[in-house]
Amino acid sequence: MSNLTDNKVIDLGGLRIGDDKHPIFIAGPCSVESEEHILKAAFFLKKLGVHVLRGGCFKPRTSPYDFQGLGLEGIKYLKQAGEKAKLPIITEVMEEKYIDVVSECTDIIQIGSRNMYNYPLLKALGHTKNPIMLKRGLSATVKEWIMAAEYIAMGGNDKIIMCERGIRTFNDYTRNTLDLAAVSIIKRETGRPVIVDPSHGTGRRELVGPMSKAALACGASGLMIEVHEEPAHALSDGNQSLDFPQFEKLIMELRSIVNEPKAM
Amino acid sequence: MSNLTDNKVIDLGGLRIGDDKHPIFIAGPCSVESEEHILKAAFFLKKLGVHVLRGGCFKPRTSPYDFQGLGLEGIKYLKQAGEKAKLPIITEVMEEKYIDVVSECTDIIQIGSRNMYNYPLLKALGHTKNPIMLKRGLSATVKEWIMAAEYIAMGGNDKIIMCERGIRTFNDYTRNTLDLAAVSIIKRETGRPVIVDPSHGTGRRELVGPMSKAALACGASGLMIEVHEEPAHALSDGNQSLDFPQFEKLIMELRSIVNEPKAM
Amino acid sequence: MSNLTDNKVIDLGGLRIGDDKHPIFIAGPCSVESEEHILKAAFFLKKLGVHVLRGGCFKPRTSPYDFQGLGLEGIKYLKQAGEKAKLPIITEVMEEKYIDVVSECTDIIQIGSRNMYNYPLLKALGHTKNPIMLKRGLSATVKEWIMAAEYIAMGGNDKIIMCERGIRTFNDYTRNTLDLAAVSIIKRETGRPVIVDPSHGTGRRELVGPMSKAALACGASGLMIEVHEEPAHALSDGNQSLDFPQFEKLIMELRSIVNEPKAM
Amino acid sequence: MSNLTDNKVIDLGGLRIGDDKHPIFIAGPCSVESEEHILKAAFFLKKLGVHVLRGGCFKPRTSPYDFQGLGLEGIKYLKQAGEKAKLPIITEVMEEKYIDVVSECTDIIQIGSRNMYNYPLLKALGHTKNPIMLKRGLSATVKEWIMAAEYIAMGGNDKIIMCERGIRTFNDYTRNTLDLAAVSIIKRETGRPVIVDPSHGTGRRELVGPMSKAALACGASGLMIEVHEEPAHALSDGNQSLDFPQFEKLIMELRSIVNEPKAM
């Protein structure tokens, strides 16, 4: 049984996600750190033609003693930044009780790797109207990842975007091993757009560029890249974040090799 | 920073969990399937001197189209069975909204592998009074598993039992690879009892016995074993469940090599 | 200590390997199966502008009861095919005692994944004059792979080409997980050319095309692709081999996106 | 097809390996470091009732710039030590050209993890008369490991002892993950003795004891443990070696729980 049978381009106010001739760019800081910080990033990214602004507000950190995100305050800042810069926004939700507010304030709802197996949360998202970006679990098989999408689709929402973000292997040089074969596999098996996250997929700034190019070359529907004004001072994931000039250089290179959709 | 500093024997109405000279036995079906079914298992297991009765009511299944457990109805049957057979009970909770009812009806609350990274759920459990059995995530490092325990302890509940249930590797002969070195590691690093689950840790009935012996030999605080009257007809995990005679034979063998606590 | 300090373009009779603006194509059957068979493949591939002809003669098969390759007879057929079609050839050596004949008869010597840790063999290759293509071990870390190259270089032969061919993970959809981040990493850490093998890297014919594009996009120095006239009747690795029309279509697509070197 | 059909107890001059009521102990330093050093270890281990003396002479080290073993000189010292202390000896062979001398000088021939896929070497060992101890490859599946044994048995030597020494996983707390389920699996699938190596299987001295107990409890045919007079000064694997008093304490504990064979 499946609720994922047909190919699906997701329309986000005119932005077509999964129209694979035109991959999209999602970018922004790992975490929303302050009102001013996210606004500055938003204007910078908008100017470069990025299509969607990302920023984490609820952060699933390994240690409970690390920065956990700004929560609802962060959502407010992210929403303002998106409105002022005229960018749709995406952020992660980790709890059913925040689905309503995240659904209302943001455009795309992200499910992070740690929650890919959180089936009650997935079921609840089946009743929202937003596109859902479902990240692959840290060690999820292809079947498990697709079945997680079925948990959402079963509730009626089949606007699902899959996100490959690397899997856990013995290889200790990179934070994760980016499994780019999954792009073709998931597109064929589910008909859904596949976004690649080379920032988490490698954990190393210098590998984000090459893996971005590889992802687009093998048919990714878009990229999600972490960008921070000052990575050395980021509250999370600084090692894998590009600074503004690095990102500008990369997006120019990527633009020369693909036809992206017109920015909104 | 840590809230897990001291060694900890958990007292459950007189049953001492983590007093490692006396490992405990937790057993029962993967899922509570009916009122009669769980009651029969309870009396059988009580007679054999099992210390805690297990039975899943909320089941995190890979496919949303598979049996999802009996839910609150299952909790009711499990509670009745425990009361009638005079056995403390353990069941899994997957959602914050059910914590109160599970906390009230059961003795030990289980967090399954798929929810080890569900930090809001772990935080919420920090405010319960029940012992919590925290299963290791499918591909959790030692550090991540300990940090998940910190999420619970931070809220004030440090009655945490750790459960090694196998990790995901390339090895396709077994469902998971049981990492018994984790028993010593976790005991030393956290001072908490470590229960081993050889049923999920191997996924194969014929390996449950040898791995049970190995686990006790290297210091496990107890075992959790899936037992089903008719494994061939189990609604979940039949391949790894022992039938009643197999379990009876195993517990007799185990009893001859360890000193277990007096059953309650 | 290292004998791999400088960047290195390897010149093979005019063909420059590692001049990354011009990636090379290595193709051919998994195994040399007959004189006629390899000759036919050679002419076909030459016509398409492939740069190097591959064909296994000594085959490291999991089962000793499977086809083990034609051995020295295969070497003879491969050499003839290369000479007639004017293509340099590459084949694997598994034993020190065959190094001399393989060194004399072939252009590039391949070390397969299973022999990456065969240090005496690597040391012996350090005394040959041929370029050596060193495949990554099934679960080799980046450090181990580089150190294997050091075993060769220590003997005086630093004409080493590294080959990423996928690593072993829990993912059971593909035969291996192609670790494309290794392309950038190895180039930066060793200065050596990196060839990508999408055939072994995925084990599935339909993924060879997308992974070939991804590999070239992230800077691979070339590709090695298994091609067989009739994959359904191949004596080894049929599932991952392209037939002639599939390979022709792929190389045309690849050629439109990269600047390859002039065929010899 | 298989040449491994029947159960097999291997008789080594009266020492029965694979008679599972009487597990054997193999111990010694990782490397033979000097004539005096190995002799001292031999007398110490003999006095404790150890059955077989180990010591590496050809060492497959990750880096070619690290200590590579004493080679033939080491073999000579090991042989003398075994003769003087009246202990059978085991050492690793890595190259076909040394099979004759190793076969003549030592009792059991070891194939290390890195050479489990070295099929020509395995085939050549099929023509020796010595028992062969075949270590599992770093990421070998059960099937691959058994097939490696078939490579030896095919040549006529079916005196094969299998050795579980841990597999490579994402877990970075231990050097490898000891897969004890393999003990039962391999015994059932091949009928061969299975020795467990908790030293390589964990890489940490403090885990050798618990894993030794676990291995014996689940039916291992014996243990191989690294022991060094001064682990802090060992030329290889010091972190996982026990010193003399630690080993003495461990073997006394193990002896109290199993019936070992009478030392020769």
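Order of writing sets the labels: A, B, C and D. Residues in every chain begin at 1.
Convention: a residue touches a chain if its C-beta (ideal position, glycine included) is under 8 Å from a C-beta of that chain, and two chains touch if they have at least 3 such contacts.
Since the model is a prediction, treat every value here as computed from it, not as a measurement.
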> If you take the mean of the Cα atoms for each chain, which one ends up farthest from subunit C?
Replying inline: B
>> Tell me which has more C-beta contacts between its two chains, C-D or B-D.
In response: B-D
> When the C-alpha atoms of subunit B and subunit C are each averaged to a single point, how far apart are the two points in Å?
Replying inline: 49
>> Rounded to a whole Å, what is the gap between the Cα centroids of subunit B and subunit D?
In response: 35
> Which parts of subunit B, given as residue numbers and ranges, touch two or more other chains?
Replying inline: 139, 143, 168-170, 172
> Where on subunit B does subunit D make contact in their complex?
Replying inline: 139, 141-143, 167, 169-174, 177-181, 183-185, 188, 201-202, 206-207, 210-211, 213-219, 257
> Mind pulling up the subunit D residues that touch subunit C in the complex?
Replying inline: 1, 60-65, 94-97, 114-115, 117-120, 123, 137-139, 143-144, 147, 150-151, 154, 168
> Inside the complex, what are the residues of subunit C that reach subunit B?
Replying inline: 139, 168-170, 172
